[in-house]
Amino acid sequence: MHHWIKSALDDIGEEIFALAAKIYPICRSITGDGVRQTLREIGEHIALDVHEVPTGTEVFDWTIPREWNIRDAYIRNHKGERIVDFSKSNLHVMSYSVPVNARMSLADLRKHIYTLPDQPDLIPYRTSYYAENWAFCMPHRQYESLPDETYEVVIDSTLTDGSLTYGEYFHKGEAEDEFLLSAHVCHPSLANDNCSGIALLTHLAKQISRRRTRYSYRFLFAPGTIGAITWLAQNESRVSRIKHGLVVSMVGDGGGPTYKKSRRGNAQIDRAMMHVLRHSGLSPTVLEFYPYGYDERQYCSPGFNLPVGLFQRSQFGTIPQYHTSADDLAFIRPEALQESYRLITAAIDVIEKDDTYRNTMPKCEPQLGKRGLYGAIGGATDAAAANMAMLWSLNLSDGTHSLLDIAERADLPFDVMHRAAELLRKHGLLEITESRAGTRAI
Amino acid sequence: MHHWIKSALDDIGEEIFALAAKIYPICRSITGDGVRQTLREIGEHIALDVHEVPTGTEVFDWTIPREWNIRDAYIRNHKGERIVDFSKSNLHVMSYSVPVNARMSLADLRKHIYTLPDQPDLIPYRTSYYAENWAFCMPHRQYESLPDETYEVVIDSTLTDGSLTYGEYFHKGEAEDEFLLSAHVCHPSLANDNCSGIALLTHLAKQISRRRTRYSYRFLFAPGTIGAITWLAQNESRVSRIKHGLVVSMVGDGGGPTYKKSRRGNAQIDRAMMHVLRHSGLSPTVLEFYPYGYDERQYCSPGFNLPVGLFQRSQFGTIPQYHTSADDLAFIRPEALQESYRLITAAIDVIEKDDTYRNTMPKCEPQLGKRGLYGAIGGATDAAAANMAMLWSLNLSDGTHSLLDIAERADLPFDVMHRAAELLRKHGLLEITESRAGTRAI
Amino acid sequence: MHHWIKSALDDIGEEIFALAAKIYPICRSITGDGVRQTLREIGEHIALDVHEVPTGTEVFDWTIPREWNIRDAYIRNHKGERIVDFSKSNLHVMSYSVPVNARMSLADLRKHIYTLPDQPDLIPYRTSYYAENWAFCMPHRQYESLPDETYEVVIDSTLTDGSLTYGEYFHKGEAEDEFLLSAHVCHPSLANDNCSGIALLTHLAKQISRRRTRYSYRFLFAPGTIGAITWLAQNESRVSRIKHGLVVSMVGDGGGPTYKKSRRGNAQIDRAMMHVLRHSGLSPTVLEFYPYGYDERQYCSPGFNLPVGLFQRSQFGTIPQYHTSADDLAFIRPEALQESYRLITAAIDVIEKDDTYRNTMPKCEPQLGKRGLYGAIGGATDAAAANMAMLWSLNLSDGTHSLLDIAERADLPFDVMHRAAELLRKHGLLEITESRAGTRAI
């Protein structure tokens, strides 16, 4: 699988960015046409299955809420000027705001306005999914300068029985065991959170769809929290197939990278991501699991305890752009998206190739020289590292260490170790152990 | 149990100090009337059982020694002046000094004098329990200025068959499992070591006597080493009931706090004390077990290996006042005693409440919002911490983590975690596992 | 065993140095008369068994190569002057060079010359065991000043069927379990690498031959890689007797000391060496096992996985003298050899004496005072350390901790702990557990 990743790298960042830019303007929420429109855009790239789950459906402790849609919203002053206009930024309306059409004093209006006093030029992002309410969001500077007059306040939204919508793409591998990749699709015009993750996973799915893989890959594009809960509720019996997983969000800024471990803490995905990040040349942050964040909260709830981590660049909640209008298309960059793509695919590559080999000549070292193996791995790879990779894989391939185990022990990149092991395998010095060969495809 | 601790805090430091001050003047040793008088003072507060164990009784490898009592002691110069006088400080006489009544030269007297050349104004504390001898202790400055004359030297002591005396207070809890709290009562006028510990445990016993508790509590007031050995020998068959324990000494100075772990190193008392100290806002020192110190030496001998740690403020042997006349009532303070009391009771509180809960809705998160649980824990507790405490207790309550495990993992104070867990339990989201509920009382 | 080590220390460094100096001039390689002559010198000190293994013998994946011998070699200029002369330094000829006798231009000659441009005054050490070739090694400064003329080039060597030679010395102990000590004997005039190791092990064998020991000791003097492989191939069925082992090389410089752990990482030899080094007063480096280096590569191959570490002073490859003519007799010193000897024998001493004791009075402390045990261990040993050693060995001798475990936990030197334990054993307070006593000899 290695080379497709490399070959895909050249313009994948631009492609991901283009899709992110296309879906950025859409007003998404946890239900409604914004999600459907987003899934249609994804469907231009991959054969997405779109699921509709009716309002009122019970999913574990939750119930699918009414569907929310919005056509327009504004605040008009006495001159009839739209001083706040939904069509300029969908962040202006608190998500799930009930309809309103009223005239009111500034004092009354102010009870329904959110601002960020410390970031007075930005519009905050606010939601009120499960408590009926309405509100506008605006820059604090504007809020402070509003004249004391009567305003016409209109939110032309509907909150009616309908359905929750999510999309799923499945790629069949050699094994039934699955790798889950999940992005939330409920945020409106926030580029990094999570147009970036949606677009990256779409292009990753597109690439994977063209390959033979060991694992099956499941891509889930669903609204945060309620979407993941819905999917888990509807797939409860099949969830145990998930052997690895990543929640992907905020992958377009140049910060981080950040990896938050699964609840298990030492799952293979945790080890693979940490390995890749450590050899990335970047300055990664690895966080222990904690029960707050994105949909890993649901995947890692104790009744599932799936091996699913969270990959981000900057960590949510830690940057000033987070959940504000500053999380726009200027905040994400093709190079960062490409780098995020490279890191995720490198981790997938580790998991696809992490076999356990066995040294066929375990007593003393085999004579590498007579086989021309010293210095046999040339090119970009450092010759000394390649030689050490051969010695390490011979020494530790006693049936109890996987290639990732060995790469970690040797402090060498997995890729270098894998190339060494495969070279030795071609010379009959290593073999893949029976137990793993059965599930091995590529 | 939480609130009684808080309510008791207001003047408990003053009360402990008052008792420490009352017993400070008494000349205690490992046997004799000083111990009896001390136990009588304790008995003014709690219904103490006083035990007398006759001289010659074999207790494991040891034998109860003869009983030592002293009425008077002095050194008189040629003018008949008492230049050293037991009635001024009982530290002047080495504990267990045999009787002497002699006239002797300065040169001969000097063979029986201990001083502290590096602390020339202080009287050292010395004992000679198991080798017959006599000696005086005095400030080095005085020692150096003694004129070369003949002195009258009198120690009016007796060393006769009698008994060793110790006191015990037992509070019956719901369970037979016991929490041992032990203080040595053999040091003469040393305020911190250990009038402070005796007085603190007396008042703690008084408070606990008024409550329902899960565990039974056993308070032991016994001479150091031989007293603990005697108690263990006489209670050998019941010792296995002790599930937690603390030796308490030197709790009145403002140093530390210091916790020395039990020999087991990861007993629940070790974890509870470390947790409490880490969240104390102080600068605690935690020491691994080592086989030297107070009566934890006996409780943690390999044949018992009880889960008993040592709580102190300053660590014994590390401060200049240790075992000198500077360990007087000015060295201990009500505030420090109160703080020590607060730390010990907080650890007891952890152990009383450290249940293992089980999440009744382990698949995905339960919807806290619809139950009004977000922000439901107000008051002094930080709302964000309370929310995280709920999420953590839900996520880790899979039957394998106790509440202390979860508090440690979440890096939140046990009390915050316990309040969150109890709130969730009231809402049916957590339940206490069967295995623990059986021993649960409050 | 302790005292023989101490008594031997006085001039052992000088004796080791003398033997190293005697074998330094010999031109060793992986086969040939140089090895035989070296083994004869060793045989002057101990009753060495010398083994000859014929060319062509298969040893695991390897084959015994042809035997190489050399009589003379030189480069002569047009005046007939030997500008490079094997008799001045055997490093001048690449080891295993095929015979040559030719006249050639400077340009052609240069293709067969190795130098060290960064160390222009030193002769490098080079070999070509498994690829037929010839070369001279010389200082880079000389190489650069060679006039452009025709040279007479002679290497009077033979490469013929013969045998590989190694030496073995076995000392029978009480147990069949063996301690392996191994030094490579294939390097020509390099004093530290490994005349030092050969000479140290020879004198160690001589000392051990005079003693009763618990373990049997096997000393192996064999050419690097192929020699160890040969020995393992010929002794495959007996290899499991090896319970501890050390490869010894480069023990004459004053650097390090360096210990590289066995592949197991926590073998008793690893723990003993680390303990000794930590208490050595030196600044040791301990390295995790890695599959490159000396013959520990073979002993620690996965099919054997023997508990064999590597002891060195400076670490191979890290010092400028390594594999150059600067690794001469001036580079090694009797004091450093003596110190290396002391460290190795101290580790052997730990392993010989690392019994598991049992406290015969495990309930409470036994009364040491009545037995006169406090302060009973005097002399050079610090009294407080001796007392603590007694308390620690009593406290932890519960049948699950060996004396080394206890010494590590107590942070006391093994020797102090052993003296304390033996004193307590003489007083009946400790006994050696049955399971170990059976294999205990001294």
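Letters A, B and C mark the chains in the order given here, with residues in each chain numbered from 1 onward.
Convention: contacts are C-beta pairs under 8 Å (C-beta built on N, C-alpha and C of every residue); 3 or more make two chains touch, one makes a residue touch a chain.
From a predicted model like this one, the values you see are computed outputs, not experimental measurements.
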If you fit subunit B onto subunit C using the CA atoms, what's the rotation angle, as a multiple of 5 degrees? 120
Check the residue numbers that subunit A and subunit C use where they touch, and answer same if over half are used by both copies, otherwise different. different
Cα centroid separation between subunit A and subunit C, in whole Å? 55
Two or more partner chains touched - positions in subunit B: none
Residues of subunit C touching subunit B in the complex: 359, 361-367, 369-370, 388, 391-392, 394-398, 410
Could you please specify the touching residues of subunit C with respect to subunit A in the complex? 59-62, 130-131, 225, 228-229, 232-233, 236, 263, 290-292, 297-298, 300-305
